[in-house]
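Okay, so chain A shows up in both of these, paired with chain B first and chain C after.
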Partner chain A sequence: MPALLGPFGIWIVCAIVLAVMPVIFSSPVSVTIMNQMGISIVFALSYNMMLGQGGMLSFGHAVYFGLGGFFSVHVMNYIEVDGWPIPLPFLPFIGGLFGLAFAIIIGSFSTRRAGTVFAMISLGVGELIAACSIIFVVFFGGEEGVSGDRTMGPPVFGTEFLKEIEVYYLTAVIVFVAAALMYLFSLTPAGRMANAVRDNPERAEFVGYSQRQVRFMSFCASGFFAGIAGGLFAINYEILTEENLNLTTSGWVLLMAYIGGIGFFIGPIVGAVLLTLLQTVLSNHTELWLLYVGLLFVLTVMYVPSGLTGLMMMHGPAMKAGRLGQLAKPYMIAGIPLLVALAGGVAVLEMLNHYNNAPVGDNVAHFFWMAVDTHNPANWAVALAVTAIGAYTTYRATPQVREAWAEANDFSEKGGDR
Partner chain B sequence: MSASALSLQGIRKDFGETQIIRGVDLEIPAGERHAIIGPNGAGKSTLFHLISGKYSKTGGRIGLNGEDVTTLEPYAIARKGLSRSFQITNIFPRMTVFENVRCGLLWSMGLKYAFWKLVGRQKDLNERTSEILEMIGLTDRQAIPAGVLTYAEQRTLEIGITIAGGANVIMLDEPTAGMSASETDQTVELIRRVTEGKTLVMVEHDMGVVFDLADRISVLVYGEIIATGKPEEIRNNKAVQEAYLGEAPEEETETVGGAH
Partner chain C sequence: MELVVFSLLNGLVTGLLLFMLSSGLTLIFSMMGVLNFAHASFYMLGAYFAYTISGYMGFWVGLIFAPILVGVVGALIQRYGLRYVHRWGHVAELVFTFGLAFLIEEVVQFFWGKATKDYHEPELLDFPLFTLFGQSFPAYKAFMIFISIGIFIALLMMLTRTRVGLIIQAAITHPNTVANLGHNVPLVFMGVFGVGSALAGLAGVIAGPALGTFPGMAFVLGSIVFVVIVVGGLGSLAGAFVASLLIGWLQTFAIALDYSMTDLLDLLGVSFSDDHVLRDLWSLSLPQVAPILPYLLLILILIFRPTGLMGKRET
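For the complex of A and B:
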């Protein structure tokens, strides 16, 4: 379908999706979640300009996000108190400029080296700025942070951004533009050489490029877009706290990019959408949600280092050859027991958590639309048995999957059509 | 400084106490194909790294087209028109073959660090890339990641990246290492074609290739050049025969000489 619309097809489809999403998911809660997704998408994409495109592993990317956000919320307050005539839609751009300014300062020394040195400096700077945020109360507002009011600026086309849906459309437009710009950056000489330096910094030097300068440019661009994400955050939540620039947030953006797949432009988008869903929806259902996210991350690193997008893309050749059908049956045979095993595992974890943490006398855990007495050994036996049987059946089914996979991807003369 | 394409004056390199390059003087005029030969550990690759800026020099001066480049960074030397390949295949493995060659062209086509231009829109750039791919015979492999090419193809691509930028001094470090006889022949032909009108400096172990391609040869032994001259002069040089060529390679050179 996108192919029919020419080279811009996929972007047109994205724009339409962004436009109709709040019509389909119109409840205030879903609009809030989608706003959060938009912010995360820009943030994760900006992170991947460094990690996926430039080969720089950063543990302190929240610095640019957070500083962009703090400056935005301060500007928001100047708009309110001193009547600065800045319309709200420009605020993320201002956040971006501050993200860029700090990226220029920090990047000037941190991009000298890639690899471990870069990672350690990013960690140090992240820790430093997070510490500053507690010390400099005037700017960072101490523990309660800095809050503002987005509705006080000059109206834009009659809108004062009182309603969540208006904020959604503002966010959507900025997300779209920012994503398009980041994509275009990857197609410029600076963006292509970022890939080259990632692959082989030495060779890049011998074709005339300073690896440091190339990394510095990706770093600055990344800081700029992270600042935009921070500005969007300021608009959406009207408050910035120390939490927004500390190492937890830096780790979170790494998770989003990595789980989504750092080797693909859309990887971080997939990761941002998924993790925002887990963060907002799953966290309503279980207090163990962070544990599940952690497990998801570990499993991704171990089994699908190319991320969820990579997992989908792996099926490209088989799909082109029209052999996806061959995989359906083995996937079912292994997938259903896998789901059973996962459900059993989740049940065990939930029961364990409830058994340890529930107040005395409360013996009933609620999960999977069930009420389970955690003090009844029979329930434990069932949960463990379900897990074990599921895991064993999955294990037995894996050779079949492997075989089917090999067959579907065998493009030698006689292969595949058996 | 002379008008030589490449001029080395008293180049020295120490690693700690060890002297690896012990005063190399060499003038390579523009348009010459110059081979550097020598036994293992003579310091040939080190000399390459010194010339191309990968290593800093302990002493001496290097002139490139009359300009002093002794203390410049590799990228700065590359911008001045010296391009090199590596003994170990050194490409951009995750990028496509097309993009590998294009990376070699970007700077020389004036695109530098531009982040406001799309590479896809640069007609000259992409046409030139296609021409080079055609020249090195990798056109039908252009869309695949360079990391999955065969070894010989990767070596060919390496030469392609090296010559792409239009540098007038080309340095090739063992371009035919590890290749079969037929692959070697093809590569020699390729080198001959792509270095037409340019200055070539190469390190090579295959004497057939050396005597076939080189206008002049320098023999490096223990970090010093013991002889420089035309292939026949080198072949008949007593010191060289003693220090390096020995019995077996001499036979090889005889056959090559006979073929001429």
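For the complex of A and C:
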């Protein structure tokens, strides 16, 4: 379908999806979740400008996100108190400018080298700024943070952004524009050279580019967009705290980008959407959600380094050759037992957690619609058996999947379109 | 005087503790070229294992078996995790250890809960060793110093005096040559990773009672250990030792010496009003900036002397 609409087809589809989403998911909770997703998407995309496109692993990207956000909240307060005539939609841009300013300062020395040195400097800067946020109470507001009120600015087209849905459309527009700009950046010579420097800095130097300057450019652009994400955060939540620029947030954005897939432009978008869903929806159902996220992350790094997007993109050649159908059956044969095994494993973990932590006398654990007595050995036996049987069946089915995969991607003599 | 003596002693305790972590980390880095983010997590595992073991069999059994257990866990992670991820390149390895640190913290919370564990020093060591200027110095801290120095000497002897140590030293610089001579280099790597983890575990066992056993303990120390090995020079054991003590004393003295910017400005005859926008800057005190000093040092070292104090190669 997108192909029918020409080169901009995919963007038009995205715009329509963004516009229609709140009509489909209209409850206030889902609008809040979608706003959160938008912020995460911009943040993760900006992170991937460095990691995926520039080959720079940063452990302190939340610095630019947080500082952009803090400055935005302060500007928001100036709008309220001193009546600065700045309409709200420009606030993320201001956040972006401050993100850019700090990226210029820090990038001027940290982009000298890539790899481990860069990672260490980013970690050091991240810790430094996070520690500063506790010391400088006037600017960072100490433990309670800095809060503002987004509705005090001059109205834009008659809206004062009182309602969540108005904020959604503002966020959606900015997310769309920011994502488009970041995509365009990846097509510019600066973006292309960032890829070259990532893959082989020496050759890039022989072509006549300074690897340091190329990295510096990506770094600054990345800081700018992280600041925009921070500004969006300020608009949505009207409060920023130390948490928004510490190491946890920096780690979280790495998780989003990596699980989504750092080798593809849409990878971080997939990761941001997925992890935001886990963060908001799954965390309502289980205390162990961070454990699951950690497992997902480690397994991704080990077995699917190209991320979830990479997993999807792997099927491109087979799809072009019209052979996806061949894969459906083996996928079902292996996939259904895998899901059963996962369900069993989750049940074991949840029961164990309940057994360890529930108050004495409370023997019944609730997950979703089920109630399970965790002190009944029969339930344990069932959960363990389900896990074991599922895992064994999956194990037995893998050769079939491997065979079907090899066949669907074999373009040697049988033809196909190569 | 009293302040100086006790800061020196406390800094020595912190510094030696840091050295037990950084020595393993820096050895692992020089061999595998990967900075192990999960190293401080092994330290935490050591404390928790020892807490559980000591509940059944007492502190001393925990002191011996918890580090061994951590070493085994570390070796298994190297064998089945890190070695597998190696094929995806250095960035993936670094990201893997980061994920591991995240996961271990969650696993610890899963098994032991979020609350601080009641893990104590043994009664045998629960007395003031000496009292100086009216302030007492606990015997347990002396025990920590004793253990750390013992480990340092044992490690030095093992690396420089034994055959295994020679192979390890050779494998750091010339892994291929060592492999050609018939040594199993991957096994050496696994062993070094295991021993490094066990050292971190041992540090956890003895630090748990003094600094508290809680799920955030790896996070608190993790970044500082990185600072130590980068400042000391990656791959340099002597550098790690000097930097550990340096950071240990830097932190304790910064907390102990209560000077602030205001004192400095008073000395210069400058003063500012209390409601100035930048008042936080004028009233900064040394204990306040203590937590950021190591990171400041890290950044300055990386900019001006990327080899670290005693390192031979650039980071």
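Here is the rule we go by: the second predicted complex is superposed on the first by the 412 of 418 C-alpha atoms of A that agree within 3 Å, B and C clash if a C-alpha of one lies under 4 Å from a C-alpha of the other, contacts with A are read in each partner's own complex, and residues count from 1 in each chain.
Quick note on the criterion: contacts are C-beta pairs under 8 Å (C-beta built on N, C-alpha and C of every residue); 3 or more make two chains touch, one makes a residue touch a chain.
It should be emphasised that the depicted structure is a prediction, and the values quoted were computed from it without experimental measurement.
Undergrad: Answer with clash or fit: chain B and chain C placed together on chain A by superposition.
TA: Verdict on chain A: chain B and chain C fit.
Undergrad: For A:Val348, decide between first (touching chain B), second (touching chain C), both and neither.
TA: Neither partner.
Undergrad: Given the touch rule stated above, what does A:Asn357 touch, chain B (first), chain C (second), both, or neither?
TA: second
Undergrad: Would you sort A:Ala321 into first (chain B), second (chain C), both or neither based on which partner it touches?
TA: neither
Undergrad: Considering only the touch criterion stated at the top, classify A:Phe185 as touching first (chain B), second (chain C), both, or neither.
TA: First partner only, chain B.
Undergrad: With both structures placed on chain A, which of the two partners, chain B or chain C, ends up touching more residues of chain A?
TA: Touched residues of chain A are more numerous for C.
Undergrad: Quick one: classify A:Ala391 as touching chain B (first), chain C (second), both or neither.
TA: Neither: A:Ala391 stays clear of chain B and chain C.
Undergrad: If you stack the two complexes on chain A, which partner ends up touching A:Gly115: first (chain B), second (chain C), both, or neither?
TA: In the superposed model, A:Gly115 contacts chain C only, not chain B.
Undergrad: Figure out whether A:Leu278 sits in contact with chain B (first) or chain C (second), or with both, or with neither.
TA: So A:Leu278 meets neither chain B nor chain C here.
Undergrad: Taking CA centres, what is the chain B/chain A/chain C angle in steps of 10 degrees?
TA: Once the two structures are overlaid, it is 80 degrees.
Undergrad: May I ask you to decide whether A:Cys132 touches chain B, chain C, both, or neither, giving the answer as first, second, both or neither?
TA: second
Undergrad: Upon superposition of the two complexes, what minimum C-alpha distance (Å) separates chain B from chain C?
TA: Least C-alpha distance after superposition: 13 Å.
Undergrad: Sort out for me which residues of chain A touch chain B in the complex.
TA: 184-185, 187-193, 195-196, 198-200, 202-211, 213-214, 217, 221
Undergrad: Using the touch definition from the top, list the residues of chain C that touch chain A in their complex.
TA: Of all residues in chain C, those touching chain A are 35, 81, 84-85, 88, 90-92, 94-96, 98-100, 102-103, 105-107, 109-111, 113, 219, 223, 226-227, 230, 277-281, 284, 288-289, 291-292, 295-296, 298-299, 302-303, 306, 314-315.
Undergrad: In the complex of these two chains, what residues of chain B are touching chain A?
TA: Touching chain A: residues 52, 54, 73-75, 78-79, 83-84, 86, 90-95, 99, 102-104, 106-108, 111-120, 161, 164-165 of chain B.
Undergrad: For chain A, which residues count as touching chain C in their complex?
TA: Checking each residue of chain A against chain C gives 51, 55, 57, 59, 109, 112-113, 115-117, 119-121, 123-125, 127-128, 131-132, 134-139, 247, 251, 254-255, 258, 288, 290-291, 294-295, 297-298, 301-302, 305, 349, 352-353, 356-357.
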